[in-house]
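Got some structures for you, see below.
Each of the two complexes below includes subunit A, the first together with subunit B, the second together with subunit C.
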Partner chain A sequence: MKALMSLGALVGAMGLLLLAGMIFDVVPSNTVRLVEGYMPMQMLIEVACYVAGFTGLSFMLSAMGMPMPRFWQGIGFWLFFMLYLKFRVYPPIPFSVRAMYGTVSMVAVFMWISASEEDWKKFKQPIMNVLDAQTGMNKMMRYLYLVLIPILVGGFSYNAMVPKSEEPVELRTVHPAPPASTKVHGKTYVLQTSQSPYRVNPEGKYDQEYSNANIVEQGMGRLMKPNANPWDDKNQGYLKYVREGGEIFFQNCHFCHGDNLNGRGLHAFAFNPIPANFTDPGTIAQLQETFIFWRVSKGGIGLPNEGFPWASVMPPWEQHLTVDEIWKVILFEYWHTGYYPRTWD
Partner chain B sequence: MMNSVTRKAGFGAVTAFGVILIATNAGTVFAQGGLPEGFKKGELAAEPSAEMIEAGKRVYFTKCVWCHGVDGAGDGPGADRLWPRPRNFNQGTFKIRHTASGELPLFDAKKPVAGQNDLFETVTHGLPGSAMPPWEGILSEEQRLQVLSFVTTQLVKDRKFTDKQSESQTILNLAELKPKAASEESKKRGSELIVEKKCVECHGMEGRGDGNAFNLKDDWGFSIQPANWHKCWNFRGSRQDPYNVSNIFRTFSTGVNGTPMPSFADNTSVDERWDIANFVNSLCERDAEGKPLPIDPLSDKPKINFVIPSDPVEGEIPADIEHEAWQKAPKRYVAMGGQITHKPRNFVNRIDDIWVRSLYNDKHIVYLVEWDDRTKSVAEAKLPWAPTQVNIDIKEQEPKTGEEGSIASNQNKYAVYNDAIAIETAVKWKELPSPIKPRYLFGTNEQFPVDIVKWEADGSVRAFLGTGWDKDFVERDTYEENLKVLKGEWKNGRWYVMIQRPVGNKKDQDYDEDTFFEVGQYIPTVFFAWDGHNGDAGRKMAVSAFYYTFMNPPIPQETYIYPVVIAFGVVLLEGWILTRRANRKKGKTL
Partner chain C sequence: MGLVTRKSLFAIMGLCAMVGLLLLPIVMALPSLAIGEEAPAANAEKKEGDKVEKGRDVYYKTEGIVMGAPAPKTVDGPRDYPRYNFESRVLLWFANQQHLYYGSFVLAVPIFCMIIEFMGVVTKDKALAKRYDQLAYDFIKISLTAYSLTAVLGGILIFTFLTLYPAFFGYLSGIFRPVMHIYALMFVAESGTLYIYYYGWDKMKEGFLKWIHLSMSVVLNIIGTLLMFLANSWIGFMMSPAGVDEQGRFLGNIWHVIHTALWNPLNLHRILGNMAFGGGVVAAYAAYKFLASKTDEDRAHYDWMGYIAMALGVAFLIPLPFAGYWLMREVYAYRQQMGITLMGGLLAWLFIIQATMIGILFLSTNYYLWQAMGRMRGAEKYQRYIKYLVFLLACGYMVFITPHTMVMTPAELKAMGGQQHPVLGNYGVMSAKNGGINVIITTTVLSFVWYMRGNKVSTVSWAKFGNIFMGVFFACAYFNIIGLAVYGYYIPANVRVGLSVPQVATTLSCLFFMFALNGVMMKGAKQMGPIEWGKISARSQYALIMLATAFTWMMGLMGYIRSSVRLFWHVNEIMRDNSPWAYTHTVGFAANMISFNVLFFWVSILFVFWLGSLAAKKAPVEAKAGVPGAVPQPAASH
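Coming up: the complex of A and B.
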């Protein structure tokens, strides 16, 4: 038990040092990388580690005869959480969202410290002591608070009232509802029933199993399967079309969506929000192939009215590409990211 | 010892130009064994294992082949629309190295040690300012070494990394050369040396890469441009650490193979190179306090603030940039990307950022826009289409032209049009709920149009109305008399343009067509920019995302009064609590 706790204490102390380093810009905040797509899980695990660390720390401190008062434990944990959100998480979260998390965590901390009558008393005690001011130290504290609190409150309200120009928070519809059908180059495609004409096996038959077996492997690098090189001249069917799709992608799409399809292309930094990241499990992996067909063909201009705030400058690719080319590009995008398109059944 | 020799040579140079040649030649600095100062002899690395090479092939054909091509000749499907073109590996010419000019870069498949593995670092950090992204976090360290094993053994065809007969390694000993403090004295000496060493001939008087920008070609005959020292985040060798002076020192010491940038190792001392590096580094854009700009780790460019504040001034808005009001006005970085929705699409975008400041008074608002453009372009040719035309049916360059027809080989051969800048603001933005912006590039529809003000290098300023993504503009002749160009000057590779427009009022202006600027409100604003020598004209241009113009209100009096009132209230509250507590303890109730 003790060994476990001291391990926890070590983790806690190290974690705190790391966070302090990030706050004072000694340690770059990307020392431990937040991996795209896994970020929420990663953050939860990190916070869990911290909590375990704090448990260990407080256990060790009380074992050494220097227990931390409940009062400071509560405040300390809440402060930690706010600092973690502000300095660890990248890209930064806007203040309004942090305020929301702050309130929720404050409620949680309150529930924790007021779980039993005794705990609550312990928490209240230091406040009461200062209020009653029996000792000289507490008296000093009381006068200090008497002066400091009005100054702080005044300062905050001044800060809040001075006109500021912070960026307004923008929300965005991620996957707007698609129409039932879409008309591209004069032909109507029903989204429910249309199929990619290039998801075919070497015999030329539509074959999802075959294509799924030949996409790149998940895991670091997302490399192609050893025997499924689209650049092999002998390819027929799926892999041949993947290569053709890749050629179109690298002539038209990578400028924004990036060489690795992660939305970090050459021009991406200029746009807001940055272009879609196909390697994120929340984008094409969640959608049907025909949905992508509709989005690619119609672009930002084709977004429905509820697709506020219309922040996409994606061109309607039907103006630059043929239907075949669009299907091939989509085929390539799924191949390169190693995802399967969602199916209707 | 060596240092003092060259320092003397340096002083001599300042006093008389004639002395320079003799002094620097005499002072040409060689350390032991005829190596340039700061360099040491190195060993060629061992050949990577066959497994590494085979594994690397798989990485190459998943990730790299699309630009660098099947044979590594830099001719993949993506190549023809890129400038700079992807590297042709066949000749073994690599830009960013620790090795002497002309030598192969450092690569050891077993040793990913920082500073000792040039190619590994290039793949890891990418080459900013080109299409080569950083592969760290995408490919594992192992995979990066594997793919380089494949490239260096199979795709570099004219040279061999392990051939002791023909290859040597003379390595810049950067780890042991402590950077010289960037003192005023050092920077001053650097600023003299860049004239003396003729850096300014290509990089320009202010280092904006505007010197001999036009006639430079790389080893393959493609047009190439000297680096702009003010955008250190675009230095190919910046290694995602753009304000690090060591990167500049390295590039200056080893040169950039395959380009006209030579190595200066033979005719400068280490001390002089630090002075030059310090000076070049000091030119990179910094914030108002002179601190490096914060760099966004996701894009490796300066972090963007989407609000462009405009400060109030009393009376006339000054047209002089040196005026105190302009010097105090916050300067914002606006990122620009190529316009690739409408034909002709701008795949190669030469204006990748502009800097915007703004001031307003009760009648007008002025934007001061500054941007780097290596060439001043005033139209030589007549625009083949009307300036209002949005849908242009034009034949674009084919994506599969081969080297002959590619963008890189035709760069700088375009008909020259006007350099230009345009500011697009939303009309009736108030009727769109706050963070909602007008739709797409050129306005939503007839009901929510945009107001476009365009300045061109021939001095003209015009106003247009955009009524939809694919609708032709409407030229607004009646509005143009309200616009005024306070300044339009090109100097040493940078445009300084000041455009004044009315803030708008119901009496003189038209609410349905003009943007009304209101104090304390977020007004959606977009910038367009054209580089005339890049063939930019019509919709071939650079575009920004939506920014907000925000006219800072003067601080109202209540801001000073209320906090005091609130603080006083808190004091009263405190008194009440304390009295209550004290009474309670005495057993009294209130």
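Coming up: the complex of A and C.
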């Protein structure tokens, strides 16, 4: 047990040093890389390791006769978590999300330190000591707080009220609800029921399972399924249309959406926000194919009221592509990213 | 002859009257239904040779003879939208919400009474049985005053509809004419049954008569549930109309109109929601009384009452997210547009607030249980592990509330390099959120298991094996839930949606198997000491109040979300809302309005509680809580 705790303490100490390095910009945040595709779990595992490490540290300090007061354990862990979010995770997390996580972690710390009466008493003790001011030190602290707290509140108020030149926060709706139907090149498509005419098997019949079985195994087209190479001239049906969609994509779309469909094309950074990243599981992977058909056809200018603040410069592609070309390019996007369109069967 | 006492005669008469009241609506409704169905046939005969107009059901796609007028095409003006110098929609919102709060409360409390009364009847400990009986009686007493208020609020709601939205209400009542009559008559049956149930309590308190009394509560709850189903059919129709053609003309099949795409999920969701809400309100009442108590006896009683109400509420809270998930799945399947508006578009932020509220509910529950372990000797051994439960809950909670659409300044957007964050973006989708909520619920189950064995040590010969088995079972459950959440990113969406089933099954397996196994292990267990009712921290009672407030707020929020997803339609895609208030409110306005409704409800329910306390108290129960030996022991009270 002691050995395990020692190991934990070592992990905790190293982790803290690493984080301190990141805070003071001595160690770049990406020294320990967040591995693409594994980042969400990596972040959770890292935090879990820190928790285990702090448990070990606390145990070792107690064993050495220098136990860390519960008050500072609580405050310290919360501060650690806020600093972790700010300096470890990259790209930077927006303040609104950090505020949400900060509130949750504060509640969690409160739940932890007040779960038992004994712990709660230990936590409150330093606060009560300062309020009671029985010693000279505590008396001084109390006066200090008397001065500092109004200054802090005043500072926050000033900061909130002072005019700023920053652009205001926008509650952008990334995926506004589509209309029930859309008219493209004179034909009406009901979004609930329409299907891609090119998601077909070699016999030419609509076949979702067949196309799903032939998408790339790994995102961004890095690993194609055996015998499912769209650039093989002999392929017919779905894979042939994927190839044709790819040609259309690289003639029209990749300038903004990028070679890897990750929204980082040649012109991407001229816009804010940059174009949609199709490799993210929150974009095309969440949507029906007909939704993409509607968005591509109508472009940014065709966004409904719900799409406030309409921050999309995508042209209405129905003015440049045929219906068939739009369906094919969508087919390619799903194939290349390794995602499946949402269906309800 | 000895059996036929005055009391039993009274009971049998009461029961007959109740059954009569129950059947009355059906008998009364038959002619109404018959008229509705015969009229066109007669018409058809009269106009023999004339063309019978047929329409196609917008949902069932069946053909039917047109039997009603089309949905009115309203225009903004005093004819269709008469108004005061105020937003009519807000007035309706207020009336509707208050009626729903009270309606939910009075539907939930009789179910609690039924359960508690049943526990009292079957328990062998006589002192405990009396306490259960007293508790059930106290509950129904509170609900009786609330029942009157529900009816009054229902009246206000109808008048608000009639005076402010006459065209819409006229159309709706034209379609639901027989249903509305049945509803009204069932309300009469509900009232009759409730009064017999309440006033017959003392007359039927023992023996066979007690069982009759108990069975009356079953009948009462069946009527109440059917009432709610009928009311649900109206909102189901407004969201996902069926039984009418594209112009909104009734096609003669009333079952199609009732049984819309969303009716069943709405029914299930509302039953569970009402129960959880009712439990929360009663728990908050007990918490308030606990905090205001002057004596140890009172503190012990209200501590126990709060625990029972919380446990019942949470029992229904645990399956609630799954019912909600089913409802949303059906919404998506019904209209992709509606689903996206709800969870990815205009109303997505309200869903984040909802997730926050759900998290608060579970966190409060866990916190209460940990505090409750403080009143047991022997539970200290679990205290040092609580921090790990906190960690699991916090991680699950943070994933669960991560927004898909983040609020950020353009500068932050630029710094992030796109709308999707490579780490947090993954938490913002359903696969991760399912994992998050299941981790939270499983942890809640674990807290309950710890609480149930807090002051006991198992004496079965296989105790060690049992403990290891339970530990491994929970570890596998977490592994499975998180593993499936990760796997969800690599499979088609339709399969991913199906993954929620094994995740839920895992959580429910923990609930049922671990509770059962724990029960077996703790049978005849060595007691480290009694549960010292009343010796619980004040913080635990604030957690109960937080639980109830979060329930109330969430109900208001979800009602608003469900209603506003129709956007500018009175009846989705059938009858357009042409009033000046057909727009969607801002998140801030909606939040303020919900808060106002919550505040009003709590102020008014305090008044109801106060009224209840004015009534003459029943004779005190002999065995009071806090007296050693008389308090419910853990095995029985769990």
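The rule we apply is simple: the second predicted complex is superposed on the first by the 276 of 345 C-alpha atoms of A that agree within 3 Å, B and C clash if a C-alpha of one lies under 4 Å from a C-alpha of the other, contacts with A are read in each partner's own complex, and residues count from 1 in each chain.
The definition used in the following text is that a contact is a pair of C-beta atoms (placed from the backbone, for glycine too) under 8 Å apart; a residue touches a chain by one contact, two chains touch by 3 or more.
This structure is a prediction, so every number in the text was calculated from the model and none was measured.
Judged by the touch definition given at the top, the superposed model places A:46 against neither subunit B nor subunit C. Applying the stated contact rule after C-alpha superposition, one finds that A:255 touches subunit B and leaves subunit C untouched. By the document's definition of touching, both partners, subunit B and subunit C, reach A:272. In the superposition on chain A, A:170 makes contact with both subunit B and subunit C.
When the shared chain is aligned, subunit B and subunit C each come close enough to touch A:91. In the overlay built on the shared chain, the residue A:180 is in contact with subunit C alone; subunit B does not reach it.
In the superposition on chain A, A:154 contacts subunit B only, with no contact to subunit C. In the superposition on chain A, A:299 makes contact with subunit B only, not with subunit C.
When both complexes are overlaid on chain A, the residue A:324 reaches neither subunit B nor subunit C. Where the contact sets of subunit A with subunit B and with subunit C meet, they give residues 91, 166-171, 264, 272, 274. Subunit A makes touch with subunit B in their complex at residues 30, 33, 35, 90-91, 131-132, 146, 149-151, 153-155, 157-158, 161-163, 165-171, 216, 220-224, 226, 229-231, 246-252, 254-256, 258-260, 262, 264-272, 274, 299-301, 308-316, 319-320, 336. Taken in their complex, subunit A has these residues touching subunit C: 34, 36, 39-41, 43-44, 47-48, 51, 55, 89, 91-97, 100-101, 104-105, 107-108, 111-112, 114-120, 166-180, 191-192, 212, 263-264, 272-277, 280-283, 285-288, 290-291, 306, 340-345.
Subunit C meets subunit A in the complex at residues 332-333, 335-338, 340-341, 344-346, 348-349, 359, 363, 366-367, 370-371, 374, 380, 383, 386-388, 390-391, 393-395, 397-398, 401-432, 486, 489, 491-494, 537, 539, 573, 587. Considering their complex, residues 58-59, 61-63, 65-67, 70, 76-78, 80-81, 130-133, 135, 137-140, 143, 296-299, 301, 304-307, 309, 335-338, 340-343, 345, 347, 349, 352, 399, 434-441, 444, 469-470, 520, 522, 543-546, 548, 550, 552-553, 555-556, 558-560, 562-564, 566-568, 570-571, 574, 577-578, 581, 585 of subunit B touch subunit A.
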